[in-house]
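Below: one structure, written as structure tokens.
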Amino acid sequence: MSQVTLYSVAYTLSDDLLRAVGSILPAGPRGLVTSGTAVTALALLVFGAILLAASMLNTILLIWWERKLLGRFMDRRGAMHVGYAGLLQNFADGLKLFRKNTFQPREADSLGFYFGPTAYLATSLMIFGILPISSGWNAGSLPLTLLLALTIFSFAPLFIFVSAWSSNNKYSLMGGMRSAAQMIAYEVPLLLAVVAVVIVAGSFDLTTIVYEQQNYWFWGPLVVALIVFVAGMLAEMERIPFDLPEAEAELVEGWNTEYGGMLFAFFMLADYLRALVGSILVVLLFLGGWTLPTWVPGSLTSFPLAGIVWFMVKTYLVFGLFVWVRAALPRVRTDQLLRVGWNRMIPLALLSVFLAAVLVEVRCLPVFGCVPSAGV
Amino acid sequence: MWINMGPQHPMTHGLWNLRVRIDGELILDVDPEMGYLHRGIEKISEDRHYNEVITLMDRCCYVAGMAWEHLYILGAEQALAIRPPERAEYLRVLCDEFQRLGSHLMWYAAFVQDLGLMSPFLYGMRDRDLVLDLFQSYTGARMTYEYMRVGGVRNDLPPGFTERARKVLDWLVDRFREYDALCLGSTIFRKRCDDLGVLRANEAVALGVTGPMLRAAGMKRDLRKDRPYAAYDRLEFDVAVADAADVTARYLVRMEEMRQSVRILHQVLDWLDRNPGPVLADRLPRWLGAPYAPVGDEGYLLKRHYPKGLGFSSVEEPHGEAQAYVVNEGGQHPYRVKFRSPVFANISAAKSYLIGYRVADIPPIMGSVDVCVGEVDR
Amino acid sequence: MTEEGTATEENPVLYVVRPMATAAKQFAKSLVRPSTVIYPFERLEDPAFREEVAVASGKPIGVGAIWDNYRGVHALNIATCISCNLCAFSCPDLCIEMVTVPGGDPKHPKKCPEIDYGKCSYCGFCSDACPEGCLTMTTRYELATAKRSEMVYSPEKLYEVFRTKLPMNPIRLERPENEDQILLDPPLCIGCNACARDCPTACITMLDVAKPEAKAGEKLPKRIWKEPVVNDSDCVRCGTCISVCPKECLFWGKRP
């Protein structure tokens, strides 16, 4: 069976479409329309559209998933009336936000006010182009996918700060400052934890990292890195217990206090896009991506699109963990957060790098089985 | 930089304004401003029959209506020289203590939500609803009870009430353990609340701070013990005290008070089961107002026919010590009613327990004060 | 404001795990049945629902809720209303107005309460004051309307509520033993018959009094030589007579 990739699907689709269009055209334009360049261009567009739709749909599903889970944690039901089990509730909410008037405070700086949320959403969407959902289901296999993803991921504090500052509100500004400080503080341990994974896997390519986990998933040997990564991700995603940039108790809504309507929806969507990316990265780096352990019966892994299905199941379970944390833990204070970030997380991350190096050096991976790693 | 936290702000839990001067995250100065919820309850009371003032008391403090009814009723009874029957006194203690449970559960919910704990917020509200169910079963309303009357209470308990109440109390005692696991058992909670908002006893006394805030500073003062009213002198309970004078200490005091309330309620329910009797004093004057409504205006009885008197009462309300002063100059209406709100003093002392902490500490500290703006502004 | 929290340094991991375990326990419990009541579909006033939930879920949902004496929308039995005004006088919100309903004679029109639920605070003073028990409160609590004018319930509308036979608030206050009575200050009375005319229970009768002999040089007061006598067992103590008396000669008191 030939490898089906998202791009091949898009290419076939656009090829068929252009052929159909070309068949009703005279010969001159027909050649132009059905040429390889045109098909490739359209294929890229279709590819982007599919990606956009898929990521948005998943984001909205993720919000639904959080609402349902959080509801049960709180002894209630969550959204339940719009659509089956409230599945369409978020679409209704989105529609409401879409219909609302987009307003801007009088003293706000227009450029930053509109640029901030737009760029925040755009950069968050960009990451999806390079995340391998399953084998072959990403735009291109760059050698440095992981690095690129994390780079785009760390643009966010800039845009948050721009939108916070330009909305000319004291609460927004404080939220923006907190956000910037927090994200910069947790960027370092996050990257160091990733370095541990990279040392073991021997590659910056996410696809390679997943295939390196064919025999064992990295969460076992690299449990310290996992803890640091998850904590760092919580801080990057600004979720409880690290959601102080938008701590509603003291800062109203933090850096998005002045935003309403669709601009607020941009922030909301981008937040959950980032949560999705965070969960996906945890799955890719530590939980074997779309692969399953070898002891799983083959019938569970051989059906069509099995890779994507298992990948999404894992992603939603990881996000469920984040929701669980949100349901049980209070918010920390800024100074405590930064102290934990610089004083605890960075040493832990360095320790995890050291442990990874030792593990690779003594060729004792995984701890159960002692099979030499193929990538080293 | 001055920022206005209020009058519409998630931290305020009501309608008041905390002006804060900050340097970065550090609080340099605070200035609480009240008065946004003023309804003139004291003035309206001067134009109401004695029993009709009760409807205002429920709206005075919307989370502890029963305690305020009790406060006013004690003052009015003293001013009118009326004594309630004993069963009514026990029923009032029942109301008071259930109200304390309800109010403290509400406080718990609001306080943990200030810290970002979302699920305990709903646990607190869920369990408070059980208390409201009980209130509804014998007063007929969930928040605006209008249950007490000058000279007793409106009606006796419905059949089967005590069994239901005991079931709810057992459930609540189990939940308190959960609350502690979610708060005291959490490192982040302790790190945020320990040594926060410290208000020592001497300063608290000087500023008129009362209630759980004072007891959390190690001062063993509880009007139920020190100046017993209703049936409190016949009931066994301990006064909850903590030493640390910080937010955690206030949490501990309130949790312990809830446990003591359960203890008191069990005794009261047992007593009520054993001792039936009248709940309203007989020979009540007609002109007290509803239910024995007089007709028309004053003047059908000459002023000299009315008794005169002064009434002063103080009640350990869930938020602190509330006091009422009722002047009866003769006539169907009180001449003057004056209330002392404990929360007003507790908020006004904000300068002494907020300055020097951080902006992120304001919600937990003010949450631990347990603000009820209805009674602050009246 | 110390640098580090002091009390919980011994085992930080446990202290993160414990709240999460508690939340997980709650999660498992609410998978069976959350405590929420899906209001329009499930109703606490439905005893079958209360029993089912309380028994099946092990949670005390609605255990304390007894709905019989809930104070909701009023029900008025027009037939037994005696137009005594007591409900309107006892209302602290002044939301009750007495309006004429058919059934009275032209001289004494029958008046029944009309309640404005935009003002009502459901304190129950009116139903407590009603001497005949014809104005009661029911368990009905849904009042949403599209127009403000629909918040005003005419006596007929209140009678409709009465005819639905909802559970009525059963608390009827006992009339006290030594109730005050209507007393007369005889020298002030002019025998005008206003009290007897307006008494809703017709318990006042005007009896003749002896006309005293006029002394020399003194004029007798210009009046009708009759005085009201109140039948205490029929009197509902509404005080209408006191309020209509032009000379303020009636008052509350204890007969010596």
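The letters A, B and C name the chains in turn, as written, and every chain counts its residues from 1.
Please note the rule applied: a contact is a pair of C-beta atoms (placed from the backbone, for glycine too) under 8 Å apart; a residue touches a chain by one contact, two chains touch by 3 or more.
Predicted model only: the values in this text are computed from it and were never measured.
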item: Pair exhibiting more inter-chain C-beta contacts, A-C or A-B; value: A-B
item: Chain with minimal offset from the mean of all protein Cα atoms; value: B
item: Farthest chain relative to chain B (centres taken as mean CA coordinates); value: A
item: Whole-Å gap between the CA centroids of chain B and chain C; value: 26
item: Centre-to-centre distance between chain C and chain A (centres being mean Cα positions), rounded to whole Å; value: 61
item: Between chain A and chain B, centroid-to-centroid distance (C-alpha), Å; value: 48
item: Chain C residues counted as touching two or more neighbouring chains; value: 16, 19, 22-23, 26, 35
item: Multi-chain contact sites of chain B, meaning residues that touch two or more partners; value: 119, 123, 126, 182, 186, 188-189, 191
item: In chain A, residues with contacts to at least two other chains; value: 73-76, 327-329
item: Of all residues in chain B, those that touch chain C in their complex; value: 48, 51-52, 55, 119, 123, 126, 130-131, 133-134, 136-138, 140-141, 144, 146, 154-155, 158, 160-161, 164-165, 167-168, 171, 178, 181-183, 185-191, 194-196, 248, 280, 282-287, 289-296, 299-301, 305, 356-357
item: Chain A - residues contacting chain C, complex; value: 71-77, 80, 324-325, 327-329
item: Complex interface listing, chain C residues touching chain B; value: 1-2, 4-8, 12, 15-16, 18-19, 21-23, 26, 35, 44, 59-60, 62-71, 85-86, 89-90, 92, 121-126, 128-129, 137, 169, 171, 173, 176-180, 237-240, 242-243, 248, 250-253
item: Touching residues (chain side chain B, partner chain A) in the complex; value: 1, 3, 5, 9-11, 25, 112-119, 121-123, 126, 182, 186, 188-189, 191-192, 358-363
item: Parts of chain A lying in touch with chain B, wherever the complex brings them together; value: 70, 73-76, 170-171, 174, 240-241, 243-244, 247-252, 326-336
